[in-house]
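Chain lettering (A, B and C) follows the sequence in which the chains are written, and residue indices restart at 1 in each chain.
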Amino acid sequence: MKSGIGFRVAKDVIFRGMIILFSILSGIPLIVILYFIVKNGISSINWEFIVNLPKPVGEIGGGVSNAIIGTFILIIISSIISVPIGLSAGIYLSENRRGKIPYIVRLCVETLQGIPSIVIGIIAYAWIVVPMKSPSALSGGVALGIMMLPVIIRTTEETLKLIPISLREASLALGVPYFRTILRVVLPAGLSGIITGILLSIARITGETAPLLFTAFGSNFMNLNVFKPIASLPLVIFNYATSPYNEWISLAWGASFVLVVLALGLNLIAKLVARKWKVQF
Amino acid sequence: MESTVLKIEEFYAYFGDHCVLNNVSLSIPRNKVTAVMGPSGCGKTTLIRCINRMHELIPGTRVSGKIFLLDEDVYATSPIIVRRKIGMVFQRPNPFPTMSIYDNVIAGYKLNGIRLAKSELGRIVEESLRKSALWNEVKDVLHRKGTFLSGGQQQRLCLARALAMNPEIILLDEPTSSLDPKSTSHIEELITQLENDVTIIIVTHNTAQAARISDFTAFMYLGEMIEFGPTERMFTVPQDKRTEEYLTGKFG
Amino acid sequence: MLKIAKKNKKRDRLNISESVFRKILYLAGICMIVIIFTIFLTLLVKSLPAFRTLGVHFLYGKTWDPVSSEFGSISFLVGTLITSFLSLIISIPFSLSISIFLGEYFREGMASSLIKSSMELLAGIPSVIYGFCGIFILVPVVRAIEMKLGITPMGVGIFTASIVLSIMVIPYSASLGREVIQLVPSELKEAAFSLGATRYEVIRKVVLPYARSGIFAGILLSLGRALGETMAVTMVIGNMNAIPKNIFSPSNTMASVIANEFMEASPGSLHLSSLVAVGLLLFVVTAVVNIIGKYIIKKLSVEI
């Protein structure tokens, strides 16, 4: 007894409906999260919030200025560490497609990408905090830098692989040595993809908390010294959100708002860069 | 008697163990157009890529024999110097996409860090673009990127780029195979005009094109140089049976 | 004579620049290998004291009590595996639906851009914010559910953590799944349609089987993310060092116990070394899952 056409069509319609329903449902958490962050966050944000340092419990007018500055300092440190190595490794992999060593390097990059962020925090702790006998912005920057490496390497390699060989040949045929060909012809052609990769990796680590828990550690003071502990937005959110004080919790909402704007903003800029600066061949 | 600008003596080239050029000997006359033709896989592209030492960029390749540019042994000099004296235009136009038309023409100087006065550079740009019959079309938009031009214009830009280095020889690797008929005839016109300034070696699979524009023709088959001589003679009374068969379309 | 000397000097300088350049690239590549090995070695060395003192008991001991120096990590392993797999189970219907939504029904247009953007936004929200929202939005809800069910209304626990995790991992499997579903050749689908199949049947019998290795790869990606996720889980799992009794029990994962206790452990102590050992365990579990996953993907890939 074959399945009636009506039955099959009904299944088809129901299936399509379920797919649409589930897809819409998936968007609901996003709307809820953004709603609460905007609603609670905006009310906390005022001039004092941005400019002041945290105040002890009970005093009003505390701010997160040190966390904002701290987040930027950590971004700078981690970029200084990861961009040169990441770019070079990415160029190395795109120029050496086959071979044993490139294969092992690729494997290591993949493995690094899969390591949980808290484990990276342990490593940075062991390498830097222990010898220095103190948490520091430097150790936090190292942890974040290690996390940025796989993304930068992968996007650099993928971008450069897309550049046609004819471009290299055109330069080499003019008598331009290999290293200048890479630096002045191939890299500029792939610049938009590379910058997108760097921006995306920065967006990723901006919100990372786990690796900073025992490296950067957090601080209540404004600190520009990379060898001392430093505050950062995700750490502030974590500490204040899990505290029992209402003033701190509203600060956490404000900090969340700033952090979300920062992280999503970087993602948006990365996408614009990819589209606007794309090089035609 | 024409003077010789390039002498190839008992030249062999290998991809790994596979021999792609087998005992090739050839003398290229100066300031003339020499066509290298033959069926696919005969080694004509490999031959010219050996002349400007681009062949060795592929891993696993090997060469033996001698090539003399005027009196210099090409394989005893630094490849960078060789490539500055021998220009190349590729099958598909490849202007540098991040550079303007102006910068593309003088790319050979810029990328090599050779500093010249701005007026000198401007003169080189205009002269090279005039020689490749592109000047009138782009003189007002020199700052625009090269990739906005049509295929034929891009190829002429690549030609200008090669000419700007004032090379002895220009190698053309099937330069019109990706172009439409009108652009093709433009380039062919250019080639015949250019031979007073520079020696031209053109690889082509189009025998009619070889007949149209070249003074001398070399015929290759399976990695060997079969016959070489003045074009008129090659096409009317070829010495070798294989040449005759190729020209009459029996294979290739 | 001078000209030749100058030329030689320039050539030598170029040669040196050339080889320096190549060496730098090579070193950068080697650097990655060195980093991975050093990470593994550091974890091993720092956790050795724990293994030497506790032995294998570390792996299956049920009690984790810094005060009495008892460190058995099985409850964290269980907590990690339960939350991760539970979150996968919850998220798969949603991420698969989105993959099919974007890959089949709505490849272009406003609906497509909307859902695509929301996936990107979800993936871009930092995990500490998920935790924060989890505490203030989800926990009260779970508490209410627990009260209805007659369980101690804590609000935090395995269930809450799994839900938060599932929302976080949806974008990863969804985007990978969408890519492979889009790549299914239209000739195959058209062949099925021309035989009179409905859209549902084509998706179920042609598209999904063809794309299964990619879909599985996406699921694996989500699993990897879930296993290592720290902050959001730490904030809503309840922080109890015991094997969870039921789905609403508070518990701990390998990542969350490290996050909670690392700074309190005195340097050089057995406590700290045990925590590093937990980190090593986490590293190994994640790596093993990835390797097994890659193997399965290879097996599932359609031979064209």
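One rule holds in what follows: contacts are C-beta pairs under 8 Å (C-beta built on N, C-alpha and C of every residue); 3 or more make two chains touch, one makes a residue touch a chain.
As the structure is a computational prediction, the values presented were derived from the model and not from experiment.
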Taking each chain's centre as the mean of its C-alpha atoms, give the chain farthest from subunit B.
C
Chain ID, smallest distance between chain and overall C-alpha centroids
A
Find the geometric centre of each of subunit A and subunit B from their Cα atoms only, then give the gap between the two centres in Å, rounded to an integer.
49
If you average the CA atoms of subunit B and of subunit C, how far apart do the two points sit, in angstrom?
54
With centres defined as the mean C-alpha position, give me the subunit A-subunit C separation in Å.
15
Going through subunit B residue by residue, note those that touch at least 2 other chains and give them in order.
80-81
Contacts with two or more other chains, residues of subunit C listed in rising order
14
So which stretches of subunit A touch two or more other chains?
177
Residues on subunit A engaged by subunit B in the complex (per definition of touch):
164, 166-167, 169-177, 180-181, 184-185, 188-189, 191, 279-281
How about subunit B: which of its residues touch subunit A in the complex?
52, 54, 57, 80-84, 87-88, 90, 92, 94-98, 107-108, 111-113, 147, 158, 161-162, 165
Interface residues, subunit C side, partner subunit A - complex
14, 17-18, 21-22, 24-33, 35-36, 38-39, 42-43, 46, 93-95, 97-98, 100-101, 105, 114-115, 118-122, 124-133, 135-137, 167, 170, 174, 198-201, 203, 224, 227-231, 235, 255, 258-259, 262-263, 267, 275-276, 279, 282-283, 286-287, 290
Where on subunit A is subunit C touching in the complex?
8-9, 11-12, 15-16, 18-23, 25-27, 29-30, 32-34, 36-37, 85, 88-89, 91-93, 95-96, 101-102, 104-105, 108-109, 111-112, 114-120, 122-123, 125-127, 130, 146, 149, 153, 177-179, 182-183, 203, 206-210, 213-214, 217, 234, 237-238, 241-242, 252-253, 256, 259-260, 263-264, 267
